[in-house]
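In the two complexes that follow, chain A is the common piece, with chain B as its partner first and chain C second.
The block that comes next holds the complex of A and B.
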């Protein structure tokens, strides 16, 4: 086993242990504190009914959700960064999150029921709206950025423009909502990991089980596309076609992530980036640590957001932005 | 490109005449737009009534009150803000030599919002002047931050880099803003502010704008020639014996005053500063002595019309004017991105 493989193995081990600790932490803290010993007891089938309810119906699904959304966002970001050949690409910056958010707010604004809020029936349809919003936005960006093939910088700038336009429409609609809905929509847009019920967790995980292995299968293509479309064509890759496939893949994952987690920006940016710094740019090596990092960061942010300013619950996405934006700016200053 | 074509085919005298004509037509346009803006509203007034309200004010007539207290300050504020934003955009584009530089894309409004929410959260009963000063400071600090970032970073500051710096700064500040707003329960107030509105303009706002604008425009006037040279590149500027650092500092100060006061009274109104300077340069060329006045006039005209549009789209409700300008500006932005060869790369 050579050095880089050793390093990869170690990285994955260390991250897994950290992730496990973060999981325990997130299960423990909260309005109802449950100690690690009690968690263990309950997993073996003992414990009070109230604790079991908190643990199995609230904390556990929300923990799993954070793990899944973190993974989806990190891998989606990794793909976007490779195909745009820009380390600073991220679904949040490109406007994909805003597109999903707009779809959700349109749904809330035009389906106002008697209760006028994100009620139970809405909660089933909401993810679909978010997903199609993300998809439509990505199609729009791709179409507008296409000019005799892809150009990575044009793609990012078009994304920024679309993001600005969609935000303008979004805010208009938001202002027409009732104050309560406005708050709900705002919290959602900031990424509050709202879909904390087992049914969503199951749906999300079944999609990811399909999409993640396919991404790993495409790792080689990603490596080559990262060298630039001319090199890729020279090496026998039909680059525009592969671009399209991979964009669909990236959008599918960020769309799913946004649908279940809300607009979480920067996560797709920093997780792959840190992973690349540790284990190098090869996608076969880089994708697994990136996924672990994404989960870890999101889970910690979620735990911090829920407990820092208690009783106010800060959406996890906000915490992620506050922590990652400075890192992003640091990266920006270093890139040529 | 049209811009180069204009510069090649016209002598200085021709450009001066052309600028004069454009300014004349533009000012007449503004006056007409102001008239429409005063007449049109939830309650349509006769032009003669408006005239009387302005020049023979009778406080007992309701229509006169509407004109004097609501519509006139609002229209004036729109005209001023439009001019200020266009000037700020032109200055930023010269300073950064960057076609996509624009106040709202550089995190300015987020800076102002952040300062404002902090102020509201900790001093709930703050006066309107206090709130204005605080959001002006916030806007100023955000611009300053993005500029410092741009000048301190490695390599060239490409358009994409500057835009990303602005976005990241904006996102960072807006998460802080939202957290504070959530914790202190002032979210919706902030939402209105973010959308950019001219609905609540009064004479105080116009006064703030007038004072800040006076100083800002004085600085801009003094800098016009230096800005043209800056746009051509720092090497040229040094060769001609201009103190680059002094010019830049003064220019940033002008941006702070102009954008800061606009953002403070009206919230985030985007894309005026992007679109207008480009159009002005296409019309009269790169020379800022000509393009700055044209930018100011066209900016005014655009925002007054956008404000009328904002009232007409969905009456009796008002669409935030920032949305109208974004709907005009985003396609323009995309056009620039698709057509700038080499410079954006």
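The block that comes next holds the complex of A and C.
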């Protein structure tokens, strides 16, 4: 076994152990403290009813949700960084966050919520709104950027333009909301991992079970596209077709992630970035650590956000930015 | 032997036509150098011959088959193309890059078989990169980096090798190193090599056939002795040249030139 394989193996082990610890921590801390020993007791069917409710209906689904959304955003970011050959790319360039955010704000603005909070049916419809908002924006950007083929710089520029336009509409709409609705929209936009019911977790996981293995199957294609479309075509890759497939994959995953998690901005940029720095750019090697890192960062951020200023909760997406931005800058300064 | 030719090829970008009704044959087993001033369509022709750029009309034939109608993977098994100044992602090792050259011979979940590994080892060896195979491509010098890309193209195991300005950004010694490697591949394995090159003395020294282009049309096509003459160079580059026999290679070489005003 050579050095890079050893490094990959170690990275995956270390990240898995860290992730396991983070899982235990996230189940443990909160208004009702549940020790790891009690967690195991309950998993074997013992424990008090109140603890069981907290664990199975609140902490466990929100933990699994953080893992899934983190994975989805990280893999989506990895795909986009590779096909655009730009380390600053993330799902945001396809308008995922802005599109979903706008759809959510439109929904909140036009649904009459007398009590000021979302009704039960509203909570069910919102993720669909977010998902289709994200999807529609991504389609718009891809279609406008497509010019007899895929050009990464066009995609990035069109993405910036559309994002700016949609953000303006979003802010205009938001300013017309009632203060209560405004807060609600704001929290959503910051990415507060709000879809913590089991039904969302099940939907999200069943999609990811299909999409992630397919992305892994495309790992070699990603390697080749990362050399640029001309080299890729020269090597016999049908590049335009593959670009489209991979954009669809990235949009599907980040769209699902945003629908369930809200506007989590920075994760799709930083998780694949760190993974690449540790294990190199080969996708067979970097996708698994990127997914683990995405899950780890989001879960820790969620746990911190829920407990740091308790009883006030900070949206996980905001904590992600606060925690990872300094580390990201440190990484950039460390390398030449 | 794989043959490559173009018939009545017209190429353009958007509305602008660059090349009009070009007929071109690349003799198999030979080195062809495409020369011409900036913007004359050299790179565009090379890209179209390698199906990286679409033709407006006309056809490119690879072994008698129309390239536009062939699956891109089939083409990649017969023809390797190295675009101008390609870039590898940070941290990619030489071995990994060269192994990507096996892509047209693989499918599905990629595993390298024994033949793949043999070809990669050979490509590394012939380009003198065996010692450097675990280094990152971005950590190499310019000459080594270019050799790594050539090694990738060699691992593709094709008779035909197309290169767009393979010596750009290299110093004199590294330019020669790359060109001598291409010459060796041509002489020892009979590979057909087609390259776009700016240095006319290099073209004269290494190519069996020179194609001199101006504004998308062939001004002169033939051996160095036929193309490297003042009249042709005057028409193509608008320069006044003094040409002698290179004492080392006995090929025509420009020792001095000036712009014609």
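Annotations for the structure displayed:
Quick note on the criterion: the second predicted complex is superposed on the first by the 317 of 336 C-alpha atoms of A that agree within 3 Å, B and C clash if a C-alpha of one lies under 4 Å from a C-alpha of the other, contacts with A are read in each partner's own complex, and residues count from 1 in each chain.
Here, a residue touches a chain if its C-beta (ideal position, glycine included) is under 8 Å from a C-beta of that chain, and two chains touch if they have at least 3 such contacts.
All values derive from a computational prediction rather than experimental measurement.
Touch criterion not met for A:91: it reaches neither chain B nor chain C.
In the superposition on chain A, A:281 makes contact with chain C only, while chain B stays out of contact range.
Of the two partner chains, chain C is the only one touched by A:220; chain B is not. Legend: residue contacts after superposition of the two complexes on their common chain; A:187 is shown touching chain B, with no touch to chain C.
When the two structures are aligned on the shared chain, A:272 is found in touch with neither chain B nor chain C.
Counting residues of chain A touched by each partner, chain B versus chain C, the larger count belongs to B. With both structures placed on the common chain, the touch criterion links A:127 to neither chain B nor chain C.
By the touch criterion defined above, A:234 lies against chain C but remains apart from chain B after alignment on the C-alpha atoms of chain A. Partner chain B is touched in their complex by these residues of chain A: 86, 88, 92-93, 144, 147, 151, 153-154, 156-158, 160-165, 167-169, 171-172, 174-175, 179, 182-183, 186-187, 190, 265-266, 309, 312, 314, 317-319, 321-322, 325-326, 328-329, 332-336. By the touch criterion given at the top, residues 47, 50-52, 54, 72-77, 80-83, 86-93, 96-97, 100-101, 103-104, 106, 108-110, 134, 153, 156 of chain C touch chain A in their complex. Within the complex formed with chain C, the chain A residues making contact are 2-4, 82, 85, 148, 217, 220, 223-224, 226-228, 230-231, 233-238, 276-277, 280-282. Taken in their complex, chain B has these residues touching chain A: 100, 104-105, 149, 152-156, 158-161, 163-165, 167-169, 171-172, 174-176, 178-179, 182-183, 187-188, 191-192, 194-195, 270-271, 319-320, 322-323, 326-327, 329-330, 333-334, 337-338, 344-345.
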